[in-house]
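To start, the structure itself, in structure tokens.
The first chain written gets the first letter, and so on, giving A, B, C and D; residue counts start at 1 in each chain.
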Amino acid sequence: MEIEIATIGGYEEVGRQMTAVRAGEDIVVFDMGLNLSKVLIHDNIQTEGMHSLDLIDMGAIPDDRIMADLEGDVQAIVPTHGHLDHIGAISKLAHRYDAPVVSTPFTNALVEEEFDDEEKFGDSNELITMDPGESMIVGDHGLELEFVNVTHSIIGAINPVLHTPEGAIVYGLDKRMDHSPVLGDPIDMKRFREIGREGEGVLCYIEDCTNANKQGRTPSEAVAREQLKDVMYSLEDYDGGIVATTFSSHISRVTSLVEFAKDIGRQPVLLGRSMEKYSGAAERLGFVDFPDDLGMFGYRRSIDQSFERIMNDGKENFLPVVTGHQGEPRAMLTRMARGETNYDLDDGDKVLFSARVIPEPTNEGQRYQAEKLLGMQGARVYSDIHVSGHLRQEGHYEMLDALQPQHVIPAHQEMSGFAGYVELASDRGYTMDRDLHVTSNGNILQLV
Amino acid sequence: MEIEIATIGGYEEVGRQMTAVRAGEDIVVFDMGLNLSKVLIHDNIQTEGMHSLDLIDMGAIPDDRIMADLEGDVQAIVPTHGHLDHIGAISKLAHRYDAPVVSTPFTNALVEEEFDDEEKFGDSNELITMDPGESMIVGDHGLELEFVNVTHSIIGAINPVLHTPEGAIVYGLDKRMDHSPVLGDPIDMKRFREIGREGEGVLCYIEDCTNANKQGRTPSEAVAREQLKDVMYSLEDYDGGIVATTFSSHISRVTSLVEFAKDIGRQPVLLGRSMEKYSGAAERLGFVDFPDDLGMFGYRRSIDQSFERIMNDGKENFLPVVTGHQGEPRAMLTRMARGETNYDLDDGDKVLFSARVIPEPTNEGQRYQAEKLLGMQGARVYSDIHVSGHLRQEGHYEMLDALQPQHVIPAHQEMSGFAGYVELASDRGYTMDRDLHVTSNGNILQLV
Amino acid sequence: MEIEIATIGGYEEVGRQMTAVRAGEDIVVFDMGLNLSKVLIHDNIQTEGMHSLDLIDMGAIPDDRIMADLEGDVQAIVPTHGHLDHIGAISKLAHRYDAPVVSTPFTNALVEEEFDDEEKFGDSNELITMDPGESMIVGDHGLELEFVNVTHSIIGAINPVLHTPEGAIVYGLDKRMDHSPVLGDPIDMKRFREIGREGEGVLCYIEDCTNANKQGRTPSEAVAREQLKDVMYSLEDYDGGIVATTFSSHISRVTSLVEFAKDIGRQPVLLGRSMEKYSGAAERLGFVDFPDDLGMFGYRRSIDQSFERIMNDGKENFLPVVTGHQGEPRAMLTRMARGETNYDLDDGDKVLFSARVIPEPTNEGQRYQAEKLLGMQGARVYSDIHVSGHLRQEGHYEMLDALQPQHVIPAHQEMSGFAGYVELASDRGYTMDRDLHVTSNGNILQLV
Amino acid sequence: MEIEIATIGGYEEVGRQMTAVRAGEDIVVFDMGLNLSKVLIHDNIQTEGMHSLDLIDMGAIPDDRIMADLEGDVQAIVPTHGHLDHIGAISKLAHRYDAPVVSTPFTNALVEEEFDDEEKFGDSNELITMDPGESMIVGDHGLELEFVNVTHSIIGAINPVLHTPEGAIVYGLDKRMDHSPVLGDPIDMKRFREIGREGEGVLCYIEDCTNANKQGRTPSEAVAREQLKDVMYSLEDYDGGIVATTFSSHISRVTSLVEFAKDIGRQPVLLGRSMEKYSGAAERLGFVDFPDDLGMFGYRRSIDQSFERIMNDGKENFLPVVTGHQGEPRAMLTRMARGETNYDLDDGDKVLFSARVIPEPTNEGQRYQAEKLLGMQGARVYSDIHVSGHLRQEGHYEMLDALQPQHVIPAHQEMSGFAGYVELASDRGYTMDRDLHVTSNGNILQLV
């Protein structure tokens, strides 16, 4: 059976991921993501009403025109998890294919919201949910699609495996190797090891190289939780305002914030549109069991009311968990820093960034400015209470050891980001241009 | 009563700490430390036989000749803890003063070893031990010396407080604010708050500024422990060699290494001269309860035998904990990396650095080289499994809040390292040249 | 005679410089500057109509209320050169003092524009010009004010020297040691050496520490010129668009750009409001002799017309020299990058930044974004064609050697920026708190 | 005709360059270099007596065993210039091939010294010299080898071009684009442009990517010369010791040092083994015309005598130009810094590093230590008086524009160093895996 891999997007950047695997006459597409930075560099662009081709020209979504060169039918579109760089183009591109979107329940809930927000295109694709650990047949030629449970900075993350007669294709984006996650199950290394040894083994492994230049092991979420606990418990006696911010989609972190707020005698409140969206979805689907009295407010008016109540009741009794961890100009925390809300920051109040600064100059500038403005109001900043959701080198080492793939393709980075992975894989016996494929967007690799 | 503070050493560097406080006719000296880097830059220098003045000229030990300008008698020499930059000059300088050395039991045990190693001078000073939380009268004029328990990267650390009629002098070197240390009691913030409010309050606070340019809070040792646990548990299934290194004097870290080794089915062994020295002392004094079968070997021959046994019994059953965390050319780990021991590193073996690289180019070069050599033997490196032992900005903020000192003196850094502290203290209302004293080695400050 | 120095602004930042020297009953004020970054962090603030106290509260201009503590009369306000951090507060503060503004002709022309733009306060101060190398008596007690010629990144820069019976006060902001400037005379080191040795010598030297942490010597403008020549000559054969940007006030750099443009067969055109302002003033006052056909356009409409003409005549015949070297969002180059002008950037067109990025995150973010946008239009970027206008360590070494001052005061930086200077001065025998005064805004130092 | 390119060494590092081109039955080898860092990491290794295979195993010299897979005969070995990373393996590998070494006169002189120093192998290869701008036929099938003059940090550098019926193969290592070199002719861009347009054009271009991640243009040697002049002229009045160091092989820099020494009234003296070797060769071959009285001393005893004479005659009359620009432990400058020579450094003496620190931690550590030791003797350090010898991005842009190659192969870096080049080439329309070949050591690329 012929096996081809089309590296459509996310092979020259972190963002707009999309990869297609053709096995015989059937094609499965993994991810359809958005590169948000390509949108934000322009002033005042609203993507909801934009046409796909314009977004392709901007480099914001994958250029899927190369799909025409793959001779087969798309049988499934498989987002690995609900981050925008993996699902953010789905409402722009999926309608072109007569195929269902298959993902885990939490991811599918977020995909659905993407379709709801879309203004230009309809949502003609069926949504199918499948749990981690389960499999299904795709197409009419017996290809099996399996979801292996992985751990990432969002719940519901899986690594899809396409079982072909020539061996398994393991699409390894995005994960870290977490044996003690705060929510959900540990990464299923046992299953990866089995896949590496059963049948024809692994034909090809596509790897998340975000942190491939970083030594050692990405710590577990348990470490971030301990770090957060240490900070929050140290503030137990503080009788003024404490505000926290984190990635809205990082449900386990939000959970820890909520728990520790309770522990130190404060009522947590989630504020901001995306805070409500992600935590609301997680709660509705039963992935998290927040306290009954936990407030979540996404709309301006309800947020305003919430802040008013906090100020009236005494802000020393609350922990607002808000958007704005990167200092985004219009996010909640930045507005608080500019004094645009009715939450008053006083001298000595604490602001917790349970996130790290995404290392890009525009972003660093905005974050710096937000911290400066917070400082001008007297706030004390605790930052970097965080661990990454992506494997470092020793995780890559273990994955190669578990899967023993015939071919590896580094992804989810640009060339300089692949360097650490190439060095590692070369040490493990892989050779560039033979079984180690450093490639770019828009190529088709023939494996069999 | 006249109060003067002589900033003798450690006000232009991290290293060779020494400060004297004169209250009326009595003087108390805090710390007599060594700046090891000033020794190591010269080839083949042995300090044991050197004269004080030569070491002073090299900038290696404090220039205590300014003591002649203080009109009073030294009543006590008080090392705060057992790190070399606080006790390393004691065998060179203490004999000049007719005064006892007063410190906690663990610190005193290490001071005693300093005197034992000394070849040039005798040890005429009496050694007095006092536990954290206790006090004693020094001199004949009613001055009270109190030891407040603090948390640092070594056990037995205290902050000495000299109670004078004009208020307390709090000598704040070295500490972090740890509420969940692995060994010993949490930092005694309650007592600091009392001292800040009782009697005349705090006349002067001398602060450990090592991390004063770093935002946020230094995590607790519990965080480092969780991080270490995460790494070690992730290696539970590895059936080859694992080697760890850390600061020999960091007994709580060594304890965690020993415990987790047992947890993952390996026998820990401590190897290297300083490993034996510090852990041996901690065990003898009852500060730690190591497993009965824990081997500690300091001499070359016993180390060789130990390695032989490890290789014979199967290195997959052991965790050697060795010296060499900074890549020091003659330390155990570097020798292993060069193939100079009979421990064979194989492809895939793991080396854990539970330490961070001290940021100085010579040091970074050596550490880099050690890692390169380890890599050439196939070893996989996990580094930075560590948290600092020094306060960051929010710790400084809390200390100022607790003590409310009339005067503050930043110490344990060079000028650029004081910058963050000066900014913080200025925000809290202190003013340079009035009550915030940025100074240098060799000055005398008259407070009353 | 009593001598006091009030360190009013610019001792905790680069920006809002102001220092007052009282000698007996007479006071001379050096510089009244603006810290623009404190304005820009707020959205949409126009300083022209703002009250001084509001600007003081923002930290934008010096807090001169400490002047009340100096017992004497202000006899002169002396801006050293025309950069905003030295003259930008003059229209807000000078009217409070019954004293003339004394500066060199070019500086005075720029001060006059400051007064013209002011909307809140009048301009009651007399403007007196004095050339480098000249002196005048200030006040009625025989104090002599001398202007020593120095070299900086703007023409007309001097170091004022106040000769008192107790020795000279040399105000050393801002300069580099340039023996081959492109415009004007070399730095007058001979005169500095004389001042160091005549009469009572130098009582106090206030030093420009901008680059005090940088090793070696700041290169001459001749080096930047050679670098610029190398870039521009290498583009001689390019037949598309070339655009350059630099500091508008950097007349010698603009001169080099104009000359080399001619050399490679292009017509230079200066575009942007501040380009016209500074170059126009320099030409009117005869400090530079631009080609007769050099266009300078500051207003939107004339700039638009100019771009139209360039596009019609063929952009390969022109070198637009525009504002926007830091990627400022509303500057000309950024507008070109966003496609908001009618100058079309084509694939391969060259953009020359004859400036370095000011190292502050907000700024770095904006500059990065400007370059990204230029790149999206196909432009090729040449950056850092520049040398700094401020002394490095070896310049400081030479100044100390020339002046041999009794007291030194580092200025024009924050604490961490003083570190290199303190180390250098300590090596030269100065001692903190005795004759080396690291201070902050708002202090008064009594020298005699 | 079949065309194959074997990327033997220097495609995963800067160092041990070696590339073979097979055109039909004939093979030409470009460069045989040494990666010195792979030797130095081991203690006390002398390469002179070592076998090739041991050096290959260490990663020190190219693994040329892949040559067996090329079906043809080696007709020429062509070193591009005399740096060790291009000729340092020639005495270990060339004897295996029955082919002459063809290079420019200066390069050949250095190759000859390599053969002379070799202790293990004989030198059976004929040495043929060819000047830049000339051509010769290699093999019996009409292949033409041309030397195009380029500019680099050593004299005698060329880019060899192999003219085949399928187009030219241009081997582009190492160069910068210098139109105003201090010695020799400018880079021959005219010829490159011709080659790009004549006959079949350029089939393949192999590019020097050392600086491919750096924006803009590498300045000409004229800029480094101006910078050096600025520093040295500024020291004209200094009446103590001045010492300079630079790359021994950088004859144009040495020339500038010699000239400016004369200009400021000092007698230059070249000291150190490699100083004598390179400058001696350059002078003998007539590439430089040093003053008659210029001393060059390579042996310990003559250096000692020279230093003695300098001290006796007054060191203010001399400029020793010595080895040790990277702080190498055994080089002359480091020995001076340790006080191991009889040249006394006094307080205020100047040390000029006309070189930049090679960015590798071991090296940075050594250099730092050398500077510290110099500082301990009172010396003042001027560093980075230098420009690189390698193209930056705009040079790469121009080369692509001139040659318009069908295929490009980035070389002389590791993967992360290629990133900037891949981005640039992709912008110019090249595509990974099609005509842009990012590869590794030990691959064979079939172009036709």
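Simple rule for what comes next: contacts are C-beta pairs under 8 Å (C-beta built on N, C-alpha and C of every residue); 3 or more make two chains touch, one makes a residue touch a chain.
Here's who's who by UniProt: A, B, C, D = Ribonuclease J.
Given the structure is predicted, the values throughout are model-derived calculations rather than measurements.
For the self-contact between chain B (Ribonuclease J) and chain D (Ribonuclease J), the two sides draw on mostly identical residue numbers; the shared fraction is above half. Annotation: C-D is the more contact-rich of the chain pairs B-C and C-D, by number of C-beta pairs in contact.
Note: centroid distance chain B (Ribonuclease J) to chain C (Ribonuclease J), computed from Cα atoms, is 46 Å.
Put simply, the C-alpha centre of chain C (Ribonuclease J) and that of chain D (Ribonuclease J) have 41 angstrom between them.
Not a single residue position of chain C (Ribonuclease J) touches two or more of the other chains.
The part of chain A (Ribonuclease J) that touches chain C (Ribonuclease J) in the complex is made up of residues 41, 43, 338, 360-369, 372-373, 376.
Residues 177, 179-180, 215-217, 219-220, 222-223, 226-227, 230-231, 233-234, 348, 380-385, 393-394, 397 of chain C (Ribonuclease J) touch chain D (Ribonuclease J) in their complex. Taken in their complex, chain C (Ribonuclease J) has these residues touching chain B (Ribonuclease J): 12, 213, 414-416, 418-420, 422-423, 426, 431-433, 438-440, 442-443.
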